[in-house]
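Several structures are given next for inspection.
In the two assemblies presented below, chain A is common to both, partnered first by chain B and then by chain C.
For the complex of A and B:
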């Protein structure tokens, strides 16, 4: 330990401190990236579950037995829509732990679309944490069969 | 060269600065690298993800069965893995466990189901345990068995729905307390029972069981 008494010695110039700083910043960024990726992965997994539910509801509502479709032909009957409430749909198809909303659009020949279901009820859909799935459908009107789209928006019940 | 080096080696006034902060830096870096490596390569999240994938696949099969419009029996085969895992099913959850965790021995995941299947196991006090028996029960109770060609009146649909839901609620508690333990070497039977009504509407009941 002679060097401690040596007045000719020089103070270390702390060359390692910048190196430590760079290493620590590097690790901090790396950890932050891992945390972000993990968080994103979890979010995607939750979204995937919601998509699965949305797909299930769309398939169920456009299948045989649905209150919306003409039996066997799988064509949505526009006249039926007036008598079918969202509650009736939820009684028919009720994924446990989830809630959903259904919209049906009808396309006119010029390509514009009009919401035909539900006509009067306001939207009670949460702003976030929801996903939607849709399926092209045929809608039987008074005279002819039109081209339309059934959209289901699903979210979790808290 | 050697002569030049000797000049430093023989100098008693020198300081070996490696003993201080450089060694600390190397140690700190080593510990950090080891911890990152352990998180990435040795933690249980990958093992958990593996059993989550199995549960998710089985759940998807159950949902697909509910979307079928024809009666159907499907055998679900569990994937062969290089580890042992234990599967149990109730009317609300699929639970999978494996026992080779590093942080905790048992890694357990539970996958909630958004439809309620009719899970059948031994020693369960139930009136019917598969599609055929349900149709027979309906015949006995309502005069029609609900098969295609022997449709039940639409006016009885709510009664039948309530009856099936009551039976399902009855077994739900019992199954939740003691779920169906699956032998993963044998197939799991997923059976879709369709009850037909005279307005061409249908009612699905999903049975899940394993042949002994």
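For the complex of A and C:
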């Protein structure tokens, strides 16, 4: 029973405390990492959903059947832009749980860009948590067909 | 030293090491957003297709070029031409007389028109025989390049290619290339445009069923039917049967190309000549109108005299052995000479191009015939169905009313 007399065993108490501290810090770092990754994953899944919705809206608005398109996909009828409001577009394409805004730009032959839809209306778009998708389109006027861009900005309704 | 005192610390260090490893495993989740990257990649993939559709649909307010600009400039530089026609003033005159402006035409139409007017023939490599529309091709290329730069912005470089080859595999028809050669990782979009479609060219209808009926009257078709009616009984006879079938199918296809009435080459040439003739007529009418506006009331025939002397000069320069006859019509005379000049080129060009093409085509036919023989041996097809299959396959080698348009884009 020699080891009972061995007083060096007391030293064990002093090494356990720093070891527990190291383990606690390790645990804290590990859980912080897991939490951050989980949070990032959630955020990205939300972004993915927004991307998908934005893509869906932009595809739907530029394909045949859309109130903006007449003859063929990707060809926007400029005459229709004056009569079709954002609300009408939302009646045609309304993803549940999301809201969106549409902007259409037209490019002239010298490359300058002009917003042609909606005209004279302020942008009612929230500052955060929004995603945009765009598509190159041809804009058919009275005689000419010009190059343009349709931009859809999507956000989640709280 | 009591080593037991250290064991707890060793466990802690091991634990920290495990946490570090899990951190390293989780690191990509912090730094890379795969979902976002895949969406961005998808959008880029769609950019090429969108840009191509948009470009082909876009119209040009005014598209101007000078008919036979190069030939005209060469003639105006000649010593025999009065000095008044030289320099910028001469250029202005050629633009004024031979300038052609098309209004609000979409790029799809302009590309189709350009492809069908080039008359590219396989002679010394590839040779664009229609010197009159060289300026048209160059102006169109400039415009396509400018529009694509606006559509794609500074982010992408591009290569635009349009090809009209009425016979698949034969470098005859028209081609347009704009931009730099694409790298391997380019995003590519491809579509087809309809060539100015005329259902009838000089009494011949461009429809598969019509061509099929014509082919059925060919002697080679009769040979094919006879061969299929008397199928070999012994295994060694099949090789001879295959060779004969390959030869007759190849000849059937070549008769579809070079027949003097319904041959595809002839139909394509008729289509091209009609295009060139329309351009020339438009040019003569415009030039007469412009000149008559100036001289009209004073000297009625002066306009025609000036125009005729200019046309004579052009013909004399291009065809020195065949000057314009006194009573010869300008358009007819020019067209007659151009046709003969081009036919000669085509005769030489096609002769040069046809032997490798025949070899290539025979290999394609052999593969197809091999497949047909397997079908016959397997008892999977009736003879009349096989005959229809051979006709369909032959007709499918022809693409006279469609041109392939391709846009490759890549990040700068």
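The definition used in the following text is that the second predicted complex is superposed on the first by the 134 of 158 C-alpha atoms of A that agree within 3 Å, B and C clash if a C-alpha of one lies under 4 Å from a C-alpha of the other, contacts with A are read in each partner's own complex, and residues count from 1 in each chain.
Everything below uses one rule, namely that contacts are C-beta pairs under 8 Å (C-beta built on N, C-alpha and C of every residue); 3 or more make two chains touch, one makes a residue touch a chain.
Since we're looking at a predicted model, the values are computed, not measured.
Student: In the superposed model, which partner reaches more residues of chain A, chain B or chain C?
Tutor: The partner that reaches more residues of chain A in the superposed model: C.
Student: Once the structures are superposed on A, label A:23 by its partner contacts, choosing first (chain B), second (chain C), both or neither.
Tutor: Once the two structures are laid over each other on A, A:23 reaches both partners.
Student: If we overlay the two complexes on their shared chain A, which of chain B and chain C does A:143 touch? Say first, second, both or neither.
Tutor: Second partner only.
Student: Is A:75 touching the first partner chain B, the second partner chain C, both, or neither of them?
Tutor: In the superposition, A:75 touches chain C alone.
Student: Would you check which partner chain A:39 touches, where first means chain B only, second means chain C only, and both and neither mean what they say?
Tutor: neither
Student: Examine A:98 and indicate which partner it touches, taking first as chain B and second as chain C; both and neither are also allowed.
Tutor: First partner only, chain B.
Student: Determine, under the contact definition given at the top, whether A:111 touches first (chain B), second (chain C), both, or neither.
Tutor: Second partner only, chain C.
Student: With the touch criterion stated at the top, can you tell me which chain A residues are shared between the chain B interface and the chain C interface?
Tutor: 8-9, 12, 14, 16, 19-20, 23, 27, 30, 34, 72
Student: Please output the residues of chain B touching chain A within their complex, sorted ascending.
Tutor: 12-15, 17, 20-22, 25, 28-29, 32, 36, 39, 60, 63, 66-67, 69, 92, 112-116, 199-204
Student: Okay, in this complex, where on chain A does chain C touch?
Tutor: Contacts found on chain A: 8-9, 11-12, 14-16, 18-20, 22-23, 25-27, 29-30, 33-34, 36-37, 40-41, 44-45, 47-48, 51, 55, 72-75, 107, 109, 111, 133, 135-138, 140, 143-147.
Student: Give the list of chain C residues in touch with chain A in this complex.
Tutor: 2, 4-6, 8-9, 11-13, 15-16, 19, 22-23, 26, 29-30, 33, 35-36, 39, 43, 46-47, 50-51, 53-55, 57-59, 61, 104, 106, 147, 149-151
Student: State the interface residues of chain A toward chain B in the complex, per the touch definition above.
Tutor: It is residues 2-3, 6, 8-9, 12, 14, 16-17, 19-20, 23, 27, 30-31, 34, 52-53, 56, 59-60, 63-65, 71-72, 95-98 of chain A that touch chain B.
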